[in-house]
Amino acid sequence: MNENLQYRIRARLLKVLHFVTLFIAMAIICVPGLWVVLNSFRPTVEIMAKPPVWVPGDLNLDNYRAMFGAVGEGGVPVLQYFTNSLIISVTSTLIAILVGMAGGYAFARFRFKGKASIFIGLMLTRAVPGVSLSLPLFIVMAKTGLIDTHMGLILVYVALNVPFTIWLIDGFFRQVPVELAEAAEIDGCTRWQAFWKVEFPVARAGVASAGIFAFLTSWNEYALASQLTRSTFSKTMPVGLRDFTSEFTINWGGMCALAVLMIIPALILTFLVQKHLIAGLTFGGVKG
Amino acid sequence: MSRFRPPPWFVLLLPAIIILSAVVLIPLLLSLYSSFTPYRLTRPETLYKWIGTYNYEKAIESAHFWAAFGRTILLLTIALNLEMLMGLGLALLVNKVTYGQRTLRTVMMFPMMFSPILVGFQFKFIFNDNVGLVNNALQSLGLSNVAIPWLVDGQLAFFSILVAEMWSSTSVFAILILAGLFAVPRDPIEAAKVDGCTPWQSFRHITLPYIMPFIYIALAIRSLDVARAYDIVQIMTNGGPARRTELLWTLIGRTGYVDAKMGYANAMGYISIFLAIFFTIYFFRKLNAARSELGMAG
Amino acid sequence: MAKVNLRKVVKKYGALQVVHGIDLEIDDNEFVVLVGPSGCGKSTTLRMIAGLEAISDGEISIGERVVNDLPPRNRNISMVFQNYALYPHMTVRENLGFSLKIAKRPQEEIDRAVEAAAQILSLSEYMDRKPGALSGGQRQRVAMGRAIVRHPDVFLFDEPLSNLDAKLRTQMRTEIKKLHQKVKSTIVYVTHDQVEAMTLADRIVIMRDGHIEQVGTPLEVFETPANTFVATFIGSPPMNLLAGRVADGEIAIEGGPQIAVPDPFSGKVVNGQEVILGFRSDNLMPAGHAMPMEGGFTEFDMKVDLSEPLGTETLLFGSLAGKEVQAKMLNPRPVSDGEELRFQLDLTRCHLFDANSQQSLR
Amino acid sequence: MGNQRLKSLLCATALVAVAGNAAAGEFDGVTLQAKLIGGQQYEALYARIGEWEEKTGAKVDVISKKNHFELDKEFKSDLAAGTLGWCVGSNHSSFASQYPSLYTDLTPFLTADFIAEYVPSNIAASKIGDALVMLPRAQFDVSALYYLKSVYEDDDNKAAYKAKTGRDLAPPDTWDEYKEQAIFFTDAPNFYGTQYAGKDEAIVGRFYELVIAEGGQLFNDDWSPAFNSDAGKRALKWFVDLYEAGAVPPGTTSYLWDDLGQGFASGTIALNLDWPGWAGFFNGEDSSKAAGNVGVKVQPAGTAGVRTGWSGHHGFSVTESCDNKEAAASLVAWLTNEDSQKLESSAGPLPTRTAVWGHVVSSAEGDAYRTEVLKAFQAAASHAFPAPQTPYWIEATNLIYPELQAAILGDKSIDDALSDASEAVDEMMQENGVY
């Protein structure tokens, strides 16, 4: 009995330890983020106060009011940025998924010469640092008139996301037995129908996880966006953050307010896709 | 009527190939060309002057370049390894949770919602020596009575950047490894328990080999994405002070855009691309090895 | 070599109770089979013995030691899993030696034990392959070898044969039986297949819905089922059950023949009692194609709806009182569907259950 | 050729009127694309663009609005890609010399009288060679000394300082005194004597003005580096000493202007050399803990008796490639004319027109703080000198500042740091074919 007691106590202790560690880990993850959220409701004096103000004394919506306010009152065309970000991220994610699905299907279902090298080659395009890419890309975009357009950024983000999308989706189609599509064809589907009605639904989770990664990349990308956008017509939210920095000052409170606006849609989307995300990565990852 | 009909796999891959060539390959060739010229942004005519490998020689002879190169490798190695370990720990912690896991997973991915540039600003303020969150906390708790110069001291600045980078990217590891943990079949773990393994031993001998492919996938993905750290470093220290945190990307960015010496910047960029390619291929190899270990190759 | 004792063992998942306080004593070197339909709690019980599931209440002991809270590694048990649970990244040799390696035994001892196990299970030629390159039967053997190597107090088998094809299953069944004779050890074996249970077990434990329905040797449970559930679960084809009412020493089958109360039950029923009459197909045979009946028997006519010739015998399907009834024909002759035959029911081998409690009236 | 000259002459005469007061309907149907500096304090002026549009019939299309560093990056990209279809751009005297080919000379489009209305030193700083590449807006920057009055009114401080140095405690007039007092006031980590911008162009600018104040030069006339001199060493020693004494926040080498502003506004910095744009912020109840406690004084002098005075100003330029330079010049003139400057300087920034200075000073009467600020900055402006006007200024700063930092942080000796910096700048200048 003594032995059992010992193990029972140990199990309890481990449980408590697990809980405490988990709590600390989550705190480390959340605090810097929540600090941003909190700051968005505080006046800059209080954020920058020395000695520090730990208990927020003055929570208000001033930063938000200013952000949505008119030009000259600290207003930033935030709705325009939001719309731009949304259009660019959603469109580029959709296209990346379509292109990635075609590519992934090709890798998963066909045998051809140089498959491995082509695959690695595609992956490596993502390894090119944005810094080395931004200027030549800018020149190409400028020559083709794509600078400062939604289209330009969409193309760039599609290219940025396609390799990873292909990879994940390829892994996923491998999970779908070839017989499934064959059975559907025998049941009277065309090749195309067999794909859409049978193979695609099975691989949906993979598509969902590829989608969320692509969306987050496009939604948060800064280096290239700052180079390829100019005016409010195409500036995305990460670039918009820079509106709060001027030559001498950073309006940190205002920046936080915009940041919150950036985080919320991404967070909601992630939560919704959560279930598929894990499944998608699980299957997409192992085999391939 | 013998018309050439491309094989279907080629047709399927074509959109990807076209878009990647247009957006990555062509600009890359352009910058490759410009790395052999004294190209200066403010003087477009310099693009047409061929100077051979001068820029490369200059980069190779530059102590600053190699210092940045070494520091970049150091940062990458430390960051990737630590992120992997932390991500693994986090995934294991979350994996053990039975109730409310979906919410926890979302929370775990919280930092992924933060644009790297935002992370840069955020940690710049958090590590500010005067009004930063960390020093304020340390001083208020009485743990320190000096303003610790987080972003100035060589080691501390490196550490601060590391923290910011880890904060923003550990989630990626955690979510991928968590997916791996979900894929580990329960039976072998139980078999190991029955075979007499302690929890650590069953992790070490069974779970770990199973999630190894996922770890390499995460490493490969992250090594593809490391240049994203540019935004963070650029905002936090921009390589300073006194080049103590100078990385390839900050050096290249400043040379190219601020000094406007694009030719030279591109030459350094090319050398750094090889670095990225090396890391990526290395992890792909490891990935395939780990897969065939589990009999999952192909 | 150890006894296993379960006392009032309960398993709950939140509000859902899946094992309802079972008691079971397993002797040293005894081969006990837990059998029952899926969801009856047999696997859960096994996993509680293994320590893979915590028990919610009660007590489990192995040998003289209470192991309620002990982790599996401290129970000195081995387990063979349904999906074999081989370590895919290790060779057969490594798989076999893993538990000893973990226990930090000297290498020569490991080698010796592994060789011995490989000998017993004739695995020697596959030693350096990985599980991925083995067939189902070979994997099964590796899984068993892994269990032997440790010389555990108790072997636990969780439906180890369910993933094999029929032929291999029979073959492996024999091997397990031989193995038990060779290694002489306590075995707890879970299966949903009653044939496996009957052939392997020293004692069978029949479970349903988290309760033990009956414990006994294979013959006991076959011949004296404690209730209708055991009666239908053990034996193939299942026992025929007909509802009726006791009236004046006879059982009136509703819309069927009157059948005399079988001898063993004569003092145990009262007039008007609702009962269920049970008999196996082996005891209902057409006249002229039957075993000689030594005790009392009864005769009635029945139309044969369908016949299944099996060679030495033919299975006949008819219906009595609106219920399907199976009978057997020895020295068979062709029977055409719809043919009416005279059947003899061996009363000495009939069972009688109370209709309300479903329990045997014996 | 003759035709060309005639045309510009005509334009010039047309602009005599335009310069101050645009003529109605003059540029009907013209659309000008503009890239303007964005930021709260610069925005008020842009409201006047609408008025100009109404007056002239032209339209202004603002295609880019970014902070100056981003704008700078964009201009360089534009030069590279040849995307120069726009006409009007925000400019800065410290950046202007980097793009000599980008902007056109405005002299032909303006009358001499109109140009003469600007502060002459500002006009001088707006030229590359003889070409007037920008018109200054009311965003003139030179640093003066901000200090916390309470520190000087504190009796303990006075007594202690007297006992220590034998002099009365008063805001410093020389950089040595400044250093001494900064060290004296420091009570780390809660209170620091001073701070300085520690990276990028900012620290090189400060170093530059100190070198001048010490009687040296940053560059020789042929643009070879001249700062590896005794004056240069004394200048750098000032930074090093303050850092070593712990009289500046330890993070100061990563500070830029916003950190300095926030720092002084937090009331934990005694002395702060800073720009005029902060005056209102520092004394604002909402924005600053130092409000009501801020004193302003002309910047101190170096051992050579020269006061520091690195200055710069914002302005607007017209591109060489602009199709409609007359209209663009008219817009630029409009945005920097007297009314515009009055509007802009009413919020605090310093004007670059002589008449507006008078206006600003007189309108500040009755506001003691504002008057003190203006007096101090008027004095400061009289010592102002622009950043070195070479296209390689920014590139040079990128070579110099890491070395300065290295010396400040103790990685290198002052001598080594300056000689390394000098060598790097020398090599860069030669590589660019300057000499």
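Observations on the structure shown:
Going in written order, the chains are labelled A, B, C and D, and every chain counts its residues from 1.
One rule holds in what follows: a residue touches a chain if its C-beta (ideal position, glycine included) is under 8 Å from a C-beta of that chain, and two chains touch if they have at least 3 such contacts.
Note that the structure is predicted; figures quoted are calculated from it, not measured.
On a Cα centroid basis, the chain most remote from subunit A in this structure is C. The geometric centre of subunit B is 38 Å away from that of subunit D, both derived from CA atoms. In terms of their C-alpha centroids, the spacing between subunit C and subunit D amounts to 92 Å. Subunit D has its Cα centroid 40 Å from the Cα centroid of subunit A. Rounded to whole angstrom, the centroid-to-centroid distance between subunit B and subunit C, based on C-alpha atoms, equals 58 Å. Annotation for subunit A: residues 48-51, 135, 139, 242, 250 touch two or more other chains. Listed for subunit D are residues 73, 77, 80, 82, 262, 266, 268, each touching two or more other chains.
For subunit C, residues that reach two or more other chains under the stated contact definition are 71. Contact topology of the protein chains: irregular, matching none of line, ring, star or complete. Across the complex, subunit B meets subunit D through its residues 41-44, 128-131, 135, 139, 145-154, 157, 237-238, 240-244, 246, 254, 257-262. The touching residues of subunit B, counted against subunit A in their complex, run 7-10, 12-13, 15-17, 19-20, 22-28, 30-31, 34, 41, 89-90, 93-94, 96-97, 102-118, 121-123, 125-126, 130-131, 133, 136, 139-140, 167, 171, 175-176, 178-180, 182-183, 213-214, 217, 220-221, 223-225, 227-228, 230-231, 248-249, 252-253, 256-257, 262, 265-266, 269-270, 272-273, 276-277, 279-281, 284, 291, 296, 298.
Residues 65-71, 74 of subunit C are the ones that touch subunit A when the two sit in their complex. On the side of subunit D, the complex with subunit B involves touching residues 72-73, 76-77, 79-80, 82, 98-102, 188-189, 198-200, 249-254, 259, 262-263, 266, 268, 391, 394-395, 398, 401-403, 405-406, 408-409, 411. Interface of subunit B with subunit C (complex): residues 185, 187-188, 190-198, 201, 205-206, 209-210, 293-295.
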